[in-house]
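Both complexes below contain chain A, partnered by chain B and then by chain C.
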Partner chain A sequence: MTDTASSTGSGHDPAAASGYPDHPPRMGFFTDTSVCIGCKACEVACKEWNLIPEDGLDLTGMSYDNTGGLSADTWRHVAFIEQRKPIGVQDPGLQHTGDVLAMAEQGAATPPADAAMNPTTPGQAGEFRWLMSSDVCKHCTHAACLDVCPTGSLFRTEFGTVVVQEDICNGCGYCIPACPYGVIDRREGDGRAWKCTLCYDRIGAGGEPACAKACPTESIQFGPLDQLRERARQRVEQLHGEGVADARLYGADPDDGVGGDGAFFLLLDEPEVYGLPPDPVVTTRDLPSMWRHVAAAAGTLVGMAAAAFTAAAFGKR
Partner chain B sequence: MAECHPVGFQWVMEAKARGATVIHVDPRFTRTSALADLHVPLRAGTDIAFLGGIVNYVLANEKYFHDYVVHYTNAASIVTEDYAGPADMDGFFSGFDAEKRHYDFHTWQYEGAEVQAASGERDLEYPDRAGGDPPSGSGVRQAGRGEAHGSGGASSGQARTDPTLRHQRTVFQILKRHFADYTPEMVEQVCGVPPEKFLRVCEYLTENSGRERTSAFVYSVGWTQHTVGVQYIRTASILQTLLGNIGRPGGGILALRGHASIQGSTDIPTLFNLLPGYIPMPHAHANQDRAAFLAAEGTDKGYWANMGAYLTSLLKAWWGPAATPENDFCFDYLPRLTGSHSTYETVMAQTRRECVGYFLYGENPAVGSANAKLQRLGMAALDWLVVRDFSLIESATWWKDGPEIESGELSTREIATEVFFLPAAAHTEKDGSFTNTQRMLQWHHAAVEPEGDARSDLWFTYYLGKRIREKLTGSTDDRDRPLLDLTWDYPVHGPLDEPDADAVLAEINGADAQGNPLSSYEQLTDDGSTTCGCWIYCGVRAGGANQAARREPGDRQNWVANQWGWAWPANRRILYNRASADPDGRPWSARKALVWWDSDEQRWTGHDVADFAATKPPDYQPPSDAHGPAALAGTEPFVMQDDGKAWLFAPAGLVDGPLPAHYEPQDSPFENRLYPQQRNPVRQVLPFKGKHNRMQPSGAQPGTEVFPYVATTYRLTEHHTAGGMSRWQPYLAELQPEMFCEISPELAAQRGLTHLGWATIVTARAAIEARVLVTERMSPIAVQGRTLHQVGLPYHWGHNGYSTGDAANELAALSLDPNVHIQEVKAFACDIRPGRRPDAAGTAELVREYQRRAGITDETGTEI
Partner chain C sequence: MSHTDAAGNRARTGRNAVTGGRRHRRKHGEQPMVPDAEFGSYYGLPVLNAPVWKTPDVPGYLFLGGLAGAGSLLGAGAALTRRPTLQRITTTGSIGSALVSLAALVHDLGRPARFLNMLRVFKPSSPMSVGSWLLSAYAPAAGVAAVWAHREGLVRVAAVSSVLERFPTITRIAGTGATAAAAVTGPAVAAYTAALLSDTAVPAWHDGYRELPFVFIGSGAAAAGGLGLFAPTTESVPARVFAVLGAGCELFAFERMRSRLGMVGEPYDTGPGGMYLKASKALAVCGAAGAVLGRRSRVISALSGAALFAASAATRWGVFHAGLTSAKDPKYTVVPQRERLNQRRTRQ
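This part shows the complex of A and B:
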């Protein structure tokens, strides 16, 4: 079951390319952050179902996000972003005059150092929004983690998702720098790589992943990827109609650097605001051409050597 | 709601997706605000002024639902000549007795009505002899009985009315005059809400109310936890009634509670002053027998006139064959109230050694109750304490590691309390029902057996009862008869001999003389031939089947979905739904149709079960000698009230006024702008001589400036109440790992507080420390010409468990709402300073220093 990074284009079927001629539709997540209420039920449900260890009591000061990010021990992570920006026709009712960041250099909930990235610089009085977004493994169409895995621990499922098998993983860690999103991670004291399986055990039995099941507001939607993409497109149109001009999809484009994500998002700001890379590229994308270049270079060397020998032979004559 | 009830909030999100406008009024910008269309921050403790302002807007701009108001409310009723309101009485209602600190409500009655005082007030005749000399009047009066009154109220007889609403003493005109002072400018002065924002709320609300549209109010217990808490809800009721939003789909006032079955625990009450189904608990002196009790407590009209059937069936359910007509159905077996025995008065009684034994079932007062120190001191004075919980909560270990042990105020060797900790089973380990805010019972089945010594509350209570009865076997003492005669014979099953919860439900449902399950409370009789453990639950096991266990999917039934679970009474999903139709029985509008009169079939029909006599036509006029439900006309939808009307003005039933009036919280940095009277004059203050429940100066009093900020306490999504169910859970603890306070950047700058640093929050009771979260979600607000900063305090933490911290409830005082005795923890003045607090002894000294600076004595804040 290998997935070749060389195959690109929007028609790419990762399950078929991995040797499932007759497979169920590709399944994925559509996380609509515009209806996320930040309850973190997804985080808890994920940990409960997948028996992931608790990973520390740290008050981070990053708003209500005390999780920090995805890791070997966190497969769903809810980000909280406090922003001086309006959200459609919503009235936040808050009145802070002046530059609150300068005033409290001790820090607003968004650390001042990040303010350039998280636009909390003073806006109009009353402009404020609190964004919440549940992040997860993207289950890329072209998954570099899988490409580089030497043991076959990482594999492509019949649902087109990417799963790591803890009984095969040898902890080499090649997958970790390969992930363009920084999702997959080695567990401390264990050494093996862990990440979201899109609840392969549940969906294989006809269920839905634990996080989607627990989500009270349908911010996390699970289903066939093409249906989710169509629903997401309509939702963005609706939000634009309601004046939420910032609404955009992230990871829904099959022509992006990873061939589109199996888990994609509706965001209300630039991806960087949520800690997501703006233009992710499958890190193994250039491997084939690199090898071609290597081969070409090697061929050239061989040719030059041959030419040299020939020349020498001629010379001897 | 998104913070504390995220699962229920999905329906708000669904309504929003269908075009609903969501308004969130809260001092803080929360997860709810993040999804609302409009967030309105206001000063904590000023909601009556805010809602009263909307009432004024509705009346002044004639935005009320005229036909609904005229026909279905008491707007046209004429009140006695002697009534006077706070605008004319310096902030008091007529009838105030300064010495006893209570109101005589007789001047609040309808004119021409036969004044029949509700029993709570009637018991004023019998001063409380057992409860000592409470400073705020009779202990019997303090028993309040707000819940019982809310469900019935006093008889109003045949009051005079003026359907034109022009008579100066109609409820409608009184209402107009009363709220005339609640102008947008006043709202700005009191609440700190700018007029343009306030008017936007008024417009949203009135545009979405009326014939074609309805609006719903949702509140959580934060609304109740004030010295005027009941009047908060009253103001919302007045508003929703004026707008025609009661008894109609999409309307109502929804109370979201702190636990999964708090509704159930008032229906089958854990409250001292109620019997099941909101039947009042008898008082020691007033009600000599069943007939006298019923004459005092029942009504002439409406369904409370049948209280005799409900009560007698209850007595038969409890005492079975022992309850006979000859012994008045064992009415004398019921305990009698000798005063108020609410939770806070019980704590005071503990400190006086009047209460010497205490059961805590899933409750952690050492963290979760106001003035946590007093809670611990009360427990330290007990002979015995039983704690049933999942973990060793603070209320189970204060005797060895509480703050008073650290400070040396208490010493483990000298505490005589014998403490028993008995592990409790979780809901997943037992059968039973939850009753949610919609009054809907949903059955849950045990998934696994409890581990180790953990047992269900049902198991514990059943076997405790069995053992006590065994000990009393053979007793000839009359006082043991109520225990020995109890029907205590539930079948048991499983490896733990668990009592059968379904058998308990069957007893609650009731049966006829042959033992057949009843299907409706209309079948109950007062001759002893029926049994029923809770009349409003009658029918939950109709046909012998557990109706609460029904799980018919939504797509296989209509939108009311009344085949999912079972709602009391009679599986009605919307109470008083006769009001969804006009006086002629036709829906007010097609899109808001719920029930209506079918003239062909000559009965009420519709999507929901009609909350009305099924065959009583809209044009029915009762004969003059009619009694009970038959005395209600076909146009009187509020069938529990004895005039069949929604009460805009409450002629009886409330101890602090027939109308809501804004008073400042017990500890407030501001003067009352509406009335010269600063605080609710009949609030309950429980002074504790000996410095542990000191109140603060308020308004313009000297020393107020020592506590210039306003604190409010609340819950976070990640934790549950006092933390017993969440702080021990690693998956929840890691999400909110520490006690923190939330403050604005402006306050941080003003007081030198640093993000993620420490702060100490101080009141006249205590000082606690918390990590600092500086956030723009806390907005400074302009009140009475100055800037007010508010301090947000989650109240989940204590010092046991996996995630720990100081308890916010150390800071709060015991100053209570006089109707229901609930504490004021949602608004109190405080100071905040940078850095951690000193050790326990140093903290006590710090508090004393603040008391000295503010000139606080035992008497401070206890004046009227």
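This part shows the complex of A and C:
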């Protein structure tokens, strides 16, 4: 085995399995979509810091999402989902008494009776909610892109993240269909594969990734993965306690099909609603069986050739 | 906005992702012929990034790799059983297709100048790495085997004849050794491409990993046998049997794969993938029948060989396009995974 193969590595410590005996804690993202406001600051910060080229200024016409999805030139992508479903009532927590604040109590020039909702009258639980979620490379424990890369361009860092070495990538494109999340892609006109590096340059210098730094609501949290997982667990409990029964974690389970994600999420609906695969499995998990079937087939081919020449010999007699 | 996928089904956009009344009315205005596929998706957009591999580079490579690998087996058998014309045709075909396929692989790279980076590491976890090393071993052997098969014609070249005369033992060992080496590595070259496709998240490719190697070696044998059918009828008997066995193996393995895959295998029936595969089946049946019935006629044999050749290429094109279709439609990613997840939850 080479030091870059990950699906065959044991345990849930990918950096150690990749040959870093003394390594810093595994770093990752916890993206809490329940506080995402869809500002796209993460998308912009990522593009700016990583010098990612512009990749089309199109209007998709489907929502406020004009980015579409992750690609070679989009390493953070904010999804917008509109649903006819109540999200619960937001209580502004403001108490106003006395005539001086009559106007303010009213919240706006519109009398409360005529307004569905204003800063002091929360209104009714609506029949509409908006889900927003900032998607990113998952930095899988068992990363298919890294496993199938034939040049060793994709590698595991000491932080347990997965990064492309652009001076080595020859653009074979194998990582692209290997990724179960549709993250990595080939850049037009450049020919090489690109994706999120979890800001390897910034975290190597003790900083935090550009997207997490720019996030105004701490929807994107960066830190040691075990701390993030604990924090996420508490957040789900808190949300469940407040009646948000839909809250669930995605990619936080170290026993899932990819050995857990280095970048995981708190979602408010099924993953496929956000464009995420509901039960991704690293394709190389089946590779030993694939090789056995290939060997059996190669043997069958030899057998067919032997049978052909034997039959010809008998036919001659 | 309505989003219609490649198969003509309307995916549930988001989840009730309908806000305005205008959209609602439009939805009523254009009722789909097929009932809505019941699965969640993000505006019907694909979950996976589809392969960026080009046509004809990659399906062509799959076809030529199978032809080359299986051809080397026929070439070695022909050498063993003293069928010089068959040996010449198959070994030449093998090195020719190996060289063209290598050119196709390099051409498909995003950075062709960096093709040697393929040999930077050896990774059993990457079928492309394994295949690169395999081809590096196979192609030189296939080349020497072809030169060895042509030694009698090449005697007229002064340099060749002097080498043959001066080093008779060494050239014999090199020639027969290379023929044997090509026959040992050839089957691996013909079969590994199935793992190359299956070792991806593309549903139609990944889920077919049990049968796809047998589809591919069968297809390779049909093509190489088809090439051998251009030899005189006195020498082409083994190629004939090989071609018929190969076509049978391919058809049988494919039917098994198709029935096991269920809905994930739909792209093998419909769209461009289905079209190529239907053509492949028809050509393979005609070619195999012609190979048997026309065994006394060199013309009918050659026509049958050409049909088998085309059948093999159509199989690779069909499998390739079916994979693209299954990657671009979120249905094939989401539905099986959702079923798997629900089953696991009910078991708990």
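Here is the rule we go by: the second predicted complex is superposed on the first by the 241 of 317 C-alpha atoms of A that agree within 3 Å, B and C clash if a C-alpha of one lies under 4 Å from a C-alpha of the other, contacts with A are read in each partner's own complex, and residues count from 1 in each chain.
Assume contacts are C-beta pairs under 8 Å (C-beta built on N, C-alpha and C of every residue); 3 or more make two chains touch, one makes a residue touch a chain.
Values in this document were obtained by computation on a predicted structure and should not be read as measured data.
**Q** First (chain B), second (chain C), both or neither: which does A:82 touch?
**A** After superposition on chain A, A:82 lies in contact with both partners, chain B and chain C.
**Q** Based on the superposed arrangement, let me know which partner A:283 touches: chain B (first), chain C (second), both, or neither?
**A** The answer is second: A:283 touches chain C but not chain B.
**Q** Would you sort A:165 into first (chain B), second (chain C), both or neither based on which partner it touches?
**A** neither
**Q** Of the two partner chains, chain B (first) and chain C (second), which one does A:227 touch, if any: first, second, both, or neither?
**A** neither
**Q** By the touch definition at the top of the document, which applies to A:216: first (chain B), second (chain C), both, or neither?
**A** In the superposition, A:216 contacts chain B only.
**Q** Determine, under the contact definition given at the top, whether A:63 touches first (chain B), second (chain C), both, or neither.
**A** Both partners, chain B and chain C.
**Q** Let me test your reading of the model: by the given contact rule, A:300 touches which partner, first (chain B), second (chain C), both or neither?
**A** second
**Q** On chain A, which partner's contacts cover more residues, chain B's or chain C's?
**A** Comparing touch counts on chain A for chain B and chain C gives C.
**Q** Overlap the chain B and chain C contact sets on chain A and report the shared residues.
**A** 61, 63, 82, 84, 128
**Q** Within their complex, state which residues of chain B touch chain A.
**A** My answer: residues 2, 6-7, 9-10, 13, 17, 29, 31-41, 197, 200, 716-718, 730-738, 740, 744-746, 748-749, 753-757, 771, 773-777, 779-781, 802-803.
**Q** Which residues, counting only chain A, touch chain B once they are in their complex?
**A** Contacts found on chain A: 35, 37-41, 43-44, 47-48, 54-59, 61, 63-64, 66-67, 82, 84, 89-96, 100-101, 103-104, 106-109, 120, 128-132, 216-218.
**Q** For chain C, which residues are in contact with chain A within the complex?
**A** 1, 3, 13-19, 39-43, 45-53, 69-70, 73-74, 77, 80-81, 108-112, 114-115, 117-118, 120-129, 132, 187-188, 190-192, 194-195, 198-202, 205-206, 209-210, 212-214, 216-217, 220-221, 225, 237-242, 245-246, 249, 323, 327, 330, 333-334, 337-338, 340-341
**Q** Which stretch or stretches of chain A touch chain C in the complex?
**A** Checking each residue of chain A against chain C gives 1-2, 4-8, 60-63, 68-71, 79, 81-85, 128, 144, 147-153, 168-174, 176-186, 190-193, 269-270, 272-280, 283-284, 286-287, 289-291, 293-302, 304-309, 311-313, 315-316.
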